[in-house]
Each structure stands twice: as structure tokens, then as C-alpha cells.
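What follows is a group of structures, each given as C-alpha cells.
Shared chain: subunit A. Partners: subunit B in the first complex, subunit C in the second.
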Partner chain A sequence: MKGDRKYIFMFLLPSAVLMAVFLYYPFFKSLYLSFYRTKGFFDKKFIGWDNYSRLFSDKLLGAATLHTLEIMLFVIIFQVGIALVLAVLVESIGRLQNFYRSVFFFPVVISGTAISLLFVLFYNYNFGLLNGILANFGIEKVLWLSESNALAAVSIPTVWHYVGFYFILFLTAMSKIPSDYYEAAKLEGINAFKRTTMLTIPLIMSDIKVVITLAITGTLKVFEFVWVITSGQNGTEVLGTYMYKKAMVDQNFGYGSTIAIYMVVFGVLLALLANRLLKREEITY
Partner chain B sequence: MQPTISAERNVQRGEFRRFRIGKALIYFVLSAWAMTTIYPLFWIVNNSFKVSRDVMNNSFGIAWNVDLVNYTNAFDRINIGKSYINSLIMSGSTVLLVLIFGGLAAYVLSRFTFAGKRAIYSLLYATLLIPTFATVVPVYELLIKTTMVNTYWGLIFPHTAGNLTFAILVMAGYMSTIPKELEEASFIDGANRMQMFTKVFMPISRPVFASASIFVFLWSYNDLFSAFIFVNKENVRPIVALLNEISSQYGTDFGLMAAAVSLTVIPVLIIYLFISKFIQKGLTEGAVKG
Partner chain C sequence: MKRSSLVLLSIMLVFSMFLAACGNKSANNPAPAEPTNNSAATTEPQPEETKAPDPVKLRVFSTFGGTDAAREAFQGVIDEFTAKYPHVTVENDTLSANDDGFRTKVNTDMTSGNEPDLLFYFIGTDAECFVNAGKVVPLNEILDANAEWKNGFIPDALKLATQKDGNIYAAPLTGYYEGLFVNKKIFEDNGLELPTDWDKLTTAVKTLSAKGIIPLSVPFDQSHYLIEHTILSAAGPEGQNKGLLDGIDPNWEKAYAAMKELYDLGAFPKDAATIDLGMSGNYYSEGLAAMTLEGSWAVGSWTEETRNNSTVIPFPTVPGGVGSGNDIIGGFGSGFYLSKAAYDNAAKKDAVVELLKHLTSPASIQKIASANGGTPAADVEVTGLAQVALDGFAMAAKANVISAPVDSKVAPETFSDLRASVQQVVTGKKTPTQAIESAKKVEDANKK
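On to the complex of A and B.
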């Protein structure tokens, strides 16, 4: 159409400007800062790869990476696993499907901060819900946020929060499987369990892959749960909270940026690895 | 003949029973998970109506004597109303900007052919890999330099930029399915591109605008990290940042905490119940493709 060039430019401009100023420029600035030793915003000195070699000797960062990976493992096994089981079960029932869909999804719309606060009240030693239950059964109170339990304690709300999200993705994927597949299985006399493991799951494998990738990249961004529940103490420091502490609390912008870049690279590598491991042919119906 | 029939019937009955037990088990498992999502919310709302002492001593008891002291505290002492308004202004503006700017960009990307379009798409997909952590320091610096830190714009701009990628991809996906004939018809009627966008594409794309706005709103409303770095002064603080503040400052006032969580969650939940179908549809249209 005549004069399209003008419109292309005009219509793309506002988004391009906003994203350039608040995403791309800051991203490259972070990359740039990762090569500097900084004191506040104004005093900085080029130090080459020093921040990066510091990454490798930073024991706290190693611990944070390990904790993040541990939460990631919980998330992949339990969050994705529970979501898959629930989706298979809901798919198999006739009544109440919509009820379960709505109920399972609603933690997703609640803020992680509110959920964290809720769990702070659950875990409280003296008056929390969990120790209240234990007391009812005459069992001794448990220190839920101790060194040995704390990481699991922050993983539980993290997992719980997003089960519903993946549950809905799985349900949608299942609803796309043509019904004649199931009819054929029925004629063959295959039972429900076999039908699920041999038919449904292989057919939605590409969606499982997407979900696992989302779970991996999502876990790298975990922040609220750890920050509100334990502030990263008792062996729960994750990459997100550690980066925040270095960059914003210690005001060490250079090293903080290096950690952020490390998180991006780490995330991309993990996502690529997951996709490699789960490599499969795309199925089209 | 007779015996065979009854034998068959017995088999059927056996199958029927197994079937029933299986079904019952399924409903039991599903209801058990449903309890894990419903009960905690009931617990927190229930406890928000008790004085802190009762929350501590008897957190399971139902609050028959509704006590609103926590709610009056929430509004008077920590001014949760102000934070509500802040949240609505900032997240609302973010949604509006994302829809307008993202809508225009999505329109161009889905309906125009031009050099560099593929490159723009690749860039957008790459952008999805940039987490807030990798932009927060320079954005903070920028906001300080432009004195936008601790103003509404200090959160609106970063949030808009952060959500544009997702919104553009989802909206462009939807708009590319709109038939070409509609465009041609409006062209013959003498509409220019801007009119085409406002008169043809905006109305037809209403469903995707709706689901995109729901998601952008939720992300913005629920994002603690940016909020408590960029806008953490009392007069601009959104509700999630206030919650974080409560947990560190009033960590022993259980009633107040319960009320604050309830106040944050309940409105979202009520709206959710009305539009839950819409949200789930939007999710499956957008997120999987994106």
C-alpha cells in the first residue's frame, strides 16, 4: 500500500523506543558494567575479566547456584509431575472438570509475595498452621525453617504456585489429540494406565518439553519466595536473591551485573541442554 | 442360555464396581489437591477476622465473632488503601501502554511485508531470554538520573518495556489469522492504515487484547522485584512492596499480616472467578506459541 513505509515506522517507533531504553540499552550496559569494578554509580575502573574469574572462586555464588538447581529439580519433578497427573485425571472425568480447572489455576493469579507471606504464617514455630496441626496430634513442634528444612520449605510454595499453570497447558495439549486415537486404543482393549503412558504422554511430549523449558527459565527467576520466607538464610540463597544482595544491598553494580550475565548464560545453556535431552520429532495430527 | 447371560452380567457388574472405585479414587485425589488451594486461602481470610492473640492460640477455629480490627489497622496504620491506588494506577497504565504501543507494533508485524521483519521477530524471541536481573542496575541508574525513581513512571516504563515482547508476539499471532478481505474492503472504502487499525483490527482483536491485558496486569501487579527497587517510597509503593514491608516490620502482628494478604488476594480472586475461562483461553492461545 502507498505510504506504508511511513506507517511501519510510525507504528513500530513507540515500542522500539521503550524497549531500546528500558531493555536493550540496560542489558548491554550490564554487560559493560560486568567488566568494571564499581563504587556507586560514578566511580568505576576497567578490570577486564576479573569479575568473571571471581565468579568461579565465589563460594556463596556456588552455593546459590546449587540451591537454584535443587529447587529446579523439585520444580521439574513435582510441579511438572503433579500438573501432568492432575491433567490426566481431570481429562478422564466427566463432571466437575470446569470446577477443578478454575480451582487448580487460581494460585497462579496470586502474587508470589502474598503466597510467601501465607507460608510465613504456616511455618511459624510458635503459632503457625503446621505446628498447630502437629500439636493437635500431640507431636512435638518442628523448626520448619532450620538449616536442614529451609530449602524444601521455600520450594513447596514455589512448586504449589505454578502447578495450575502447567496443568492448563497439559489439558489443552491433550484436548488436541484426535478422539479416534482413543477409540482405536479402546478397540484394542488397552487399559487406562497403558493408554496414558503409551498414547497420551508420547503425544504431548512436545508440550512437556515446552513446559520443562518454562520451568527451568522460571526457576532461575525465583526471588519473592526466598526473599520473604527466609531472606536467603539457612542455606536457601538462590541466584536471584544473591544478585540482588550484591548489586542493590552492597551497591556493587559491577559484580552484580556479572552475576546477572551469568544467570542469563546459565539459563540459556540449561534450556538448550533440556531441549537436547528431550529431543523428539514434532507430532502433527 | 440362562447361565451365560447371568455370568456376563456378573462380569459387567464386576467391571462396573472396579470402574466406580477407580472413579472415586480419581475424585478423591483431585479434591485433595483442590483442598490445598482452597484451604490456605480460607485459613488466611478466616484468621484475618481475629485479633492477633486468637490467630496465635487458635488458628483453626472459625471466626464467628468477626473482628475488623486488623482491617482498620491495615488502612490506618500501614495505609494499604494508598498502596492499592498506587498499584491500580501503575499496573493500569502499564496495561494501557502495552496495548496501544504493542497493538500498533503487532499490527505492523502481522499485516505488512517489509525488509527486516524476520530480524525483528528473531530479536523479539531473543528478548524473552533477558530477565529483569540483567537490566535492573542500569535501569535504576537511569531512573535516578532522570529523577523518575519513586514516581509512577519509574515502574510504568520498565514494566511496559518488559511486557511488550510477550504482548506483541501474542497479538501479532492473533492478527495474522484475520482474513485479508477485511483489509481490502476497508481500503476500497478509502480508509488509511490508522483507520484500518482502529476501525477493523482493534474491534476484531478484542479477545486477544483482553487476554493480553489480563496477563500484563497480573504480572505487573504481582512483580515484587522491580517494585521494591524502583518505587519503594511510601507515597508510590504498590501493594506487593507493602506486603514485603509488612513481613519485615510487622512480622509479629499475625492478624495484620493475614488481613493484608487477604486484601491483596481477594479482589484478584473475585475478578478471576468471573473471567477464569477467559484467562485460561488466553493462556493457551498465547503462552504455548510464545
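On to the complex of A and C.
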């Protein structure tokens, strides 16, 4: 055993090095850059906490944070909710389970950018599919990406894209529940709805908790849907797109890095909060 | 004991591999390819083309890809070169210029030691950072040493390609112009005059929007051309050139006031806030819009019908603007840069210079200009162009002043701020004055 351990360390080393190079080094580099005012790639000047004080007075960042939280709400309610409903339904049918599994999981495989481009063509005011359908019925065209709708319109593909992933997680969790629980319930004469709310959901609570944490941290990374569909216009700017704009489009890597640090801190806080709120005993069968 | 030393040894081996990998990389950055080329080039000192020369691989990065009108012409020019020099393989690396994505790629490539051997990119502020960092070679000496090549260019083109420090780093290929493209057929069908002044423009906007035709197809987010043209006509070429650093030119805000006036008259597409340039071009191309603000490069991507119906005129002077109404945006805004790494690499040097000369020879310039409708940097006859491109050349020839766009006069972050203000001003959330003041603040912070 003791000899084995050395080999384990040896084999762990390469991935640790890769992580260090591609994750921790950029992170610390961002931390370093967040104290600089940068102009392009070659010119930078130490400015202390200036970027951080800008962070607090930046209205656009506040708006981006709010929009991110709003999408997060949509994601938790609809993504997790729909995934749960679908999983319960699919779990209770005997046949065609595998078919539905594949059908619901499929969007996860498609790249987010491709889905976004698809939705651009759905929502477009002049050529779009949705307005085309409305025009067929003689209804006036709708501006789907107006200031009041845009965020919801962007959330739809975001939610739809990942429903399948959580659906599979829930389904796997449900399949681990021993069947004698259900048999006992059946003998007690429980109906299907009660069985779901009293048995299935409480038993997979720990998985729901994991999924919600994943959904929260995942929403902080939302980028391509917003970028492609609205490029952050009409009140859809999220943290990911705002950081990209500051760092890449404006070439202000210093402030971009500061936003990145803010996103990390914000994400960790949210995840901790979610963990605290959803704290629950682990169930062992 | 013995076993543990073995383990130690193997760990050290693994480590040394990483170290070697890292060491190589960092050594490559400042003095690239010196060690590698020794092994690649044989010990024979440059045989005089008697023996087959060693294969050379060159990477050319440009925007002649995707939907670019000159994509095939450019590949053709490269193929000519590789047919003549079979030992050279040219990797034609491209990214579409539709978005800012290619700027990001160029900037990352140039700073991370992954620079292409030849780079087709903007001249001016955009290039300043890698020019100042010495990543590219000044071409002055090479130009002087190859008189035939140098004389192929129009002197003006070389002058416009000169960087701030007085050196020429980029060999120009074709120039561009921007202007107000007008679908003549839509104007005729509606009994309208060409929008040569502000009154005619507003009349046209009113008439067209009442009929459900988009008068002027532009996006708010990628509003580069809208801002460039309105500021140029509001502040005039001189006022535009000053940028924002030394105080606010009061004429700048007239540009935003004009945008608001146009918006209130219904000039822009309903979804202008969320479409990108591609979609806005689409509306014009499909005949849904009567006008658009674009550059010469866009002409090739429109449907043949729209192209044949189009003409291009300078953007009229906005109310109170000091522009003459005959100033345009254009120039030789980009060219081929020769990377220092390739030039210092003995194995590549001759081939890369030869390729640069070939790509910017009058014959090549003629082919590219015929394909993309840009103004050629050499004195050549460009044939087979649509009437609108010829109108563009005429417009450029008659223009009082040809200026570089305003984005090259301010920091990138400032320009982003100007772009972000467009929607807010036209919808009344910000006044034109606030828009310029906010941009000025960003500009000041950038020059700290």
C-alpha cells in the first residue's frame, strides 16, 4: 500500500500540472492584472485598488449582476423544475425509457453557439420563424427581443440547452432507489402523485441539491447565448459578456481581470449560500 | 531504498520533460527559430537554386476567408506563388472580418509568440501595440532594395500606410471607402431624390418608413459606421481627427442629435438594438431597406439585384455640422505585415519576402481589387466591377478629404462607450451631451 501511494502521486502529477498551467496560473495572473491599468497587450501601469473601486461604482456591472441573477432564477425554476418533472414522468413509464432519455439528452450535445444561431433565426423581427407564423395568421409582428422581453427570450435556449443533463442526473438518482420502497408504498395503497412527492423527491434530495449548485455555478458562465442572440443589448448583459467586452473588445485586461475575480468571489459566495440553505442529511439506503 | 531512488529518478525525468517543454517555449519567444532552423536547414550554405531548396512552410493570416468577396482571388494568388515555388507551402489562415473576433485573434497571436509569418491587418492605432513591441519588421529597406516592387505601388498608398513613427510596416493591397449606400430602385419607385443633403434624407426617411420600408439599415450595437459618418459630418475632418483627449469638440454631440432625429422619424430597423452588422446588411441585400452605411467590402456580399441597383454617396452633413458633405471615410487601412520572427529566420527569410512581394505585386493587387471592389494600391485597371464600385471610386476621387474612421482616433474602450450610447441617446435615456461626456471620461481614464 505504501509503495503504491508513490505511484499514485506520480500519476496524479501530470493532471495537477495541467490544472496549474491552464487554471491556477491564469487565475493568479488575473489577480495580478487586476491591479493594473492596461492598454493593449504590452503596456500596463500599477494602479493599486483603482479597478476595485471602479467595480463598486460601475452601474453596468450592477446591471449585469442583476441580469445574471435573473437568468439564474429562470434556470433554477425552469431548468431544474422541468428536468425533475420529465425525470419523474419517464421513470414511471416502463417502455421507451431509453428513447426518451436520448431525445431529452440530445440538446446537451449540440454546441450552445449553434443553438443560439438557431434562436436568432426564430426571433428575428423581419425574417424570423415566430413572426412568420404570426404573419400567416394575420397577426402583427412582435419584437421578440425588445427591452422587456429580451432577457426571457435569451433564457429560453439557455434553459432548454441543459435540461437534458439534469434530467439524466435525476433519472440516475431515481434508479438507485430500491424497489422495495415502492412495493411497500404500493401495499399501503399510495397514489402516483403522493408516491412522487412523499417518496421519490425526498429520496433524491441530495441529488437535487447538487443539481441546484451546478445550475447556480453554471449560470455564472452563461456567455454564448447572450453574445450571439443579443450581444448584451436591451438589458441582457450578463457577467460573462461584460467581462469579455471589457477585456477583449476594449482591451482593458486590467479591469476585465477584476471583473473575473469578482465573478469568482460572487460564484463561491452563491454556492456556499445555496449549500447552506439546502443543507440536508445524506440518505443511505 | 533502491526502489525509492528509482521513483525519485522517474519523477525527476517527468519534471525535466516539463521543464524542457517550458524552456523551449520561453527561449523561442525572444529569439525565435534560431536553434530550430539549424536543424531544419542543412549544413550547406544556401545553394543557388541548383538543388531543390528545403521545404518551407509559411503561414499567412488574413481576413480573406468565409464570405469575403476576395476569398477565391486571394487563394488563387497564393496558388500562383506555390506553383512557382513548389518547395514553399503556404497555410492560408483566415478569419472573417465581420466581427471583432479577428482582432482578438491577431492580438493574442502577436503577443503569445504565435505570430503568422505574414499578417494582413489594420494600419494605425490597431497595430500600434505590436509595431511598438517590435514584432514586425519595417519594410522601408526592403522596399528600397526592390525598386520594381516599390514602384508598383501608388505613392499615396504607401504614404497612407505609414505608421506614426514614419516607417512603413504594412504593404498595402487594396484600400476602402465607406459611404451611404442607396438602393436607387427603391428611391425611384417612391419618387424620391437621392439623399445628397439632410432635407432630402429626412424626406426620404419619412416617406419610406410610412410605406413600411426600412429607410436606413444599421445596428445599434455594431454602430461603427453610423458613428463614424455622423461624427465626421458633424465635426468635420479636423474636429474628428482631434479625438477626445484634448477636450470635447462641441460639434461631436450634433452627431448624436442627428441620430436621434433619424430615429424619431423611424429611420432604423425596428430590431436595430439586437441585430448585428450581418443581419443589417441582410436587410439591405434583400431589398427590405433602402439605405445602409457600409464599406466597399460589403458590396460583394449583396444579391446581384441589390448590387446593380445600388450607388454610394457621401453621408450628408447633419444639422449644424461643420463637415462639407463631401468628406468620406476611407484609405489604405490595412496591409501585409512581415513578422520579425520569420524575417530573422534564415530558412524562411527569402521565401517570406518573395511571398510578400508576390501578394502585393500589381498583378495580385489587380486580382484582389477586381474581386472585392477595393481601391487598388497599384496603378492598375480594375475590370468587371459593378457600377456601384465604380461610383465608389469616383466618390473617393472627388472627395474633399478622405479620413480614417473615428475609431482610430480614440481608445477602444472609448469607442465602445460611444457605441453603447447610441441606443440610449436615440431612445431618450441619455442626451447627446451626456453621451460625449461619458466617452470623454472613459478616454481620460484610458490615457492615465
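We take it that the second predicted complex is superposed on the first by the 266 of 285 C-alpha atoms of A that agree within 3 Å, B and C clash if a C-alpha of one lies under 4 Å from a C-alpha of the other, contacts with A are read in each partner's own complex, and residues count from 1 in each chain.
The definition used in the following text is that a contact is a pair of C-beta atoms (placed from the backbone, for glycine too) under 8 Å apart; a residue touches a chain by one contact, two chains touch by 3 or more.
Computed from a predicted model, the values in this text were never measured in an experiment.
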{"item": "Fit or clash - subunit C, subunit B, common subunit A", "value": "clash"}
{"item": "Which superposed partner A:Ile139 touches (first subunit B, second subunit C, both, neither)", "value": "neither"}
{"item": "Which of subunit B and subunit C A:Pro14 touches, first, second, both or neither", "value": "both"}
{"item": "Subunit B versus subunit C as contact partner of A:Met248, first or second or both or neither", "value": "both"}
{"item": "Subunit B versus subunit C as contact partner of A:Asn126, first or second or both or neither", "value": "both"}
{"item": "First (subunit B), second (subunit C), both or neither touched by A:Thr230", "value": "second"}
{"item": "Touched partner set for A:Lys45, first subunit B, second subunit C, both or neither", "value": "second"}
{"item": "First, second, both or neither for A:Leu269, with subunit B first and subunit C second", "value": "neither"}
{"item": "First, second, both or neither for A:Ala184, with subunit B first and subunit C second", "value": "neither"}
{"item": "Touched partner set for A:Ser102, first subunit B, second subunit C, both or neither", "value": "first"}
{"item": "Partner contacting more residues of subunit A (subunit B vs subunit C)", "value": "B"}
{"item": "Subunit B/subunit C common contact set on subunit A", "value": "3, 7, 10, 14, 41, 120, 124, 126-127, 248"}
{"item": "Subunit C - residues contacting subunit A, complex", "value": "3-4, 7, 10-11, 14, 18, 100, 104, 107, 110-111, 128-130, 132-133, 220-222, 269-271, 273-276, 279, 282-283, 288, 411-413, 416, 423, 445-446, 448"}
{"item": "Residue ranges of subunit A touching subunit B (in the complex, touch as defined)", "value": "1, 3-5, 7-8, 10-12, 14-16, 18-19, 21-27, 29-30, 33, 41, 82, 85-86, 89-90, 92-93, 96, 98-107, 109-114, 116-118, 120-122, 124, 126-129, 132, 160, 163-165, 168-169, 172-173, 192, 207, 210, 217, 220-221, 223-224, 227-228, 239-240, 243-244, 247-248, 253, 256-257, 259-261, 263-264, 267-268"}
{"item": "Subunit C-touching residues of subunit A, taken from the complex the two chains share", "value": "3, 6-7, 10, 13-14, 17, 37, 39-43, 45, 47, 120, 124-127, 143, 145, 147, 150, 229-234, 245-246, 248-252"}
{"item": "In the complex with subunit A, residue positions of subunit B that touch it", "value": "22-23, 26-27, 29-30, 33-34, 36-38, 40, 43-44, 47, 55-57, 59-60, 97, 100-102, 104-105, 107-108, 112, 114, 120, 127, 129-142, 144, 157-158, 160-162, 164-165, 168, 187, 192-194, 197, 218, 221-222, 224-225, 229, 240, 243-244, 246-247, 251, 254, 257-258, 260-261, 264-265, 268-269, 272-273, 276-277, 279-280, 283-284, 287-288"}
